[in-house]
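You will see two complexes here that share subunit A, one where it goes with subunit B and one where it goes with subunit C.
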Partner chain A sequence: MTREETLNELKKVIAPYTVNKEMLAGINDQTDLIRDLKINSANLVDIIIDAEAKYDIEIDYDSADRMTNVGSCLDVITEKINQR
Partner chain B sequence: MISTGNDIVALKAINVARTKQQNFYSKIITETEKALYDEQFSDRLPFEQFVWLAWSVKESVFKYLQRVNPNLVFSPSKIKLAKLVAPVAGNASNFEGRDFNSETVYRGVFDISPHTFYSRTIITDDFIFSVVNHTNNFEKVMWGIKKIESPDADDQSKAVRLFALTMLNTFFPNAELEIDKNKHSCPIILKDEIEIPVPISLTHHDHWVGYSFQL
Partner chain C sequence: MYNDILDQLPYKSSFRFVDHITALDEDGVTGDYTLRPDSFFYEDHFVGNPVTPGVIITEIMAQIGLVVLGIFLLSKETEKSKEDTNFPLFTSTDISFHKMVLPGEKVTVVSKKQYFRFGKLKCYVEMWDSSNDLIAKGMFSGIVKKVGIKK
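Showing the complex of A and B:
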């Protein structure tokens, strides 16, 4: 899966938790989940769990802690896919 | 280290079934904290409320520390519940003020090396609201919780600022106060456009907003 394909799938994971659909359509590595997409912090665990299910991966504590912006989410997901 | 941190979780907005799933709650609480729940709280507090209580305190600790260390990463597993005392006199009915009635709130001790934090948590049918402090004395902590009409992010932001400013204005009656964010996204209070040393923390979730500030 290319980074762009992973990004397109990640948009679907994030979509239920943001009302900022315009911003979601144009997200990049620097897009912050809370500050830019206005995702409530209480939904961050939902995104991690949904990503685990979507990509059939397991995201450990330390990796989950890094998932604060789109770029770090893609890095973690790619790492875990490669470890399967 | 003077700061403040708080967090609110709207209970109508959480997914109860998902919270009870091991792969979900294990991202928020440790095995030791789960064991503490099983031993001391399973007969008085629904498990999902325990999980979100832990979340709200851990998020509050993060907000407290982030003001001092802007590069800090939120890591729920590294903020560890050491002690939790349940209220002895039912639910809190006061949703704004100074300090807390210790008989109606959960009182906790949480560690994140090398720091220890003390928490106060109010649980109602609608929300879980926590505030943390670096001492077990909350006499200088002002706080408030309010229900708002619209859960839209911009409306939440405006409503919580107006709510906090209303209380702040009672302490600075003739000043032009404003709540802004610093370059690290921490809320700050401006008096006549200059930041004042009164740390403030804001929170919102769904139809609920809250604030705390340290006098």
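Showing the complex of A and C:
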């Protein structure tokens, strides 16, 4: 899966947790999940759990800690997919 | 039986809404609370017509359904010292109310764990009255442990 394909999939994972659909459509590596997309910090856990189910991966505590913006989410997801 | 858990609740006197824990394991908790007729909120909600506020119903469900279970799960996970203060943060609920609760009523809260990960506890919580009628239900989430992903 290319980074762009992963990004499009990630948008679907994030969609239920943000009301800012316009911002979501235009997200890039620098987009911050809490600050820019106004996602409740506890919902980051739901995004991680949904991503695990979607990509059939397991995200550990240290990796989850890194997932604060879109770029780092894509990095972690790609890394875990490659480890499968 | 679960006095050690009750003692660790960070709430005191007028804002502690847990009387008894009747069942508790890693998948859920059941507990009850009897509304004190002299509680501070009845005087003004409503004048001459005391009814338990929805926020208090929500708080009772969160204290029993999330905080009691959260303290229990944390104690299983780590050897915490007794001096550590539990600092729970309520993060979301989609509660719906089905019946009023009047002063003096005993309510029972039943909580079923959906997951506990990265410090976030999510539970499906119901509240029942003594005639087994549903008072309220909803998905409740809270953070019961400081985690780095908040930064």
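In this section, the second predicted complex is superposed on the first by the 84 of 84 C-alpha atoms of A that agree within 3 Å, B and C clash if a C-alpha of one lies under 4 Å from a C-alpha of the other, contacts with A are read in each partner's own complex, and residues count from 1 in each chain.
The rule we apply is simple: contacts are C-beta pairs under 8 Å (C-beta built on N, C-alpha and C of every residue); 3 or more make two chains touch, one makes a residue touch a chain.
Just so it is clear, the model here is predicted, and its values are computed rather than measured.
Peer 1: In the overlay, answer first, second, both or neither for which of subunit B and subunit C A:Ala15 touches.
Peer 2: Neither partner.
Peer 1: Residues of subunit A touched: more by subunit B or subunit C?
Peer 2: Of subunit B and subunit C, more residues of subunit A lie in contact with B.
Peer 1: May I ask you to decide whether A:Lys38 touches subunit B, subunit C, both, or neither, giving the answer as first, second, both or neither?
Peer 2: Only subunit B is touched by A:Lys38; subunit C is not.
Peer 1: Figure out whether A:Tyr61 sits in contact with subunit B (first) or subunit C (second), or with both, or with neither.
Peer 2: In the superposition, A:Tyr61 contacts both subunit B and subunit C.
Peer 1: Look at A:Ile48 in the shared chain and tell me whether it touches subunit B only, subunit C only, both, or neither; answer first, second, both or neither.
Peer 2: both
Peer 1: Enumerate the residues of subunit A that count as touching subunit B in its complex and touching subunit C in the other.
Peer 2: Residues common to the subunit A contacts of subunit C and of subunit B are 40-42, 45-46, 48-49, 61, 64-65, 68, listed in rising order.
Peer 1: In the complex formed with subunit C, which residues of subunit A make contact?
Peer 2: 40-46, 48-49, 61, 64-65, 67-68
Peer 1: Per the contact definition, I'd like the list of subunit C residues that touch subunit A in the complex.
Peer 2: Touch list, subunit C to subunit A: 89, 91-92, 115, 117-120, 122, 141-143, 147-151.
Peer 1: For subunit B, which residues are in contact with subunit A within the complex?
Peer 2: Listed in rising order, the residues of subunit B that touch subunit A are 7, 9, 13-15, 18, 21, 23-24, 27-28, 52, 55, 59, 73-77, 152-153, 185, 204-205.
Peer 1: Looking at the complex, which residues from subunit A come into contact with subunit B?
Peer 2: Counting only subunit A, the residues touching subunit B are 19-20, 35, 38, 40-42, 45-46, 48-49, 52, 61-62, 64-66, 68.
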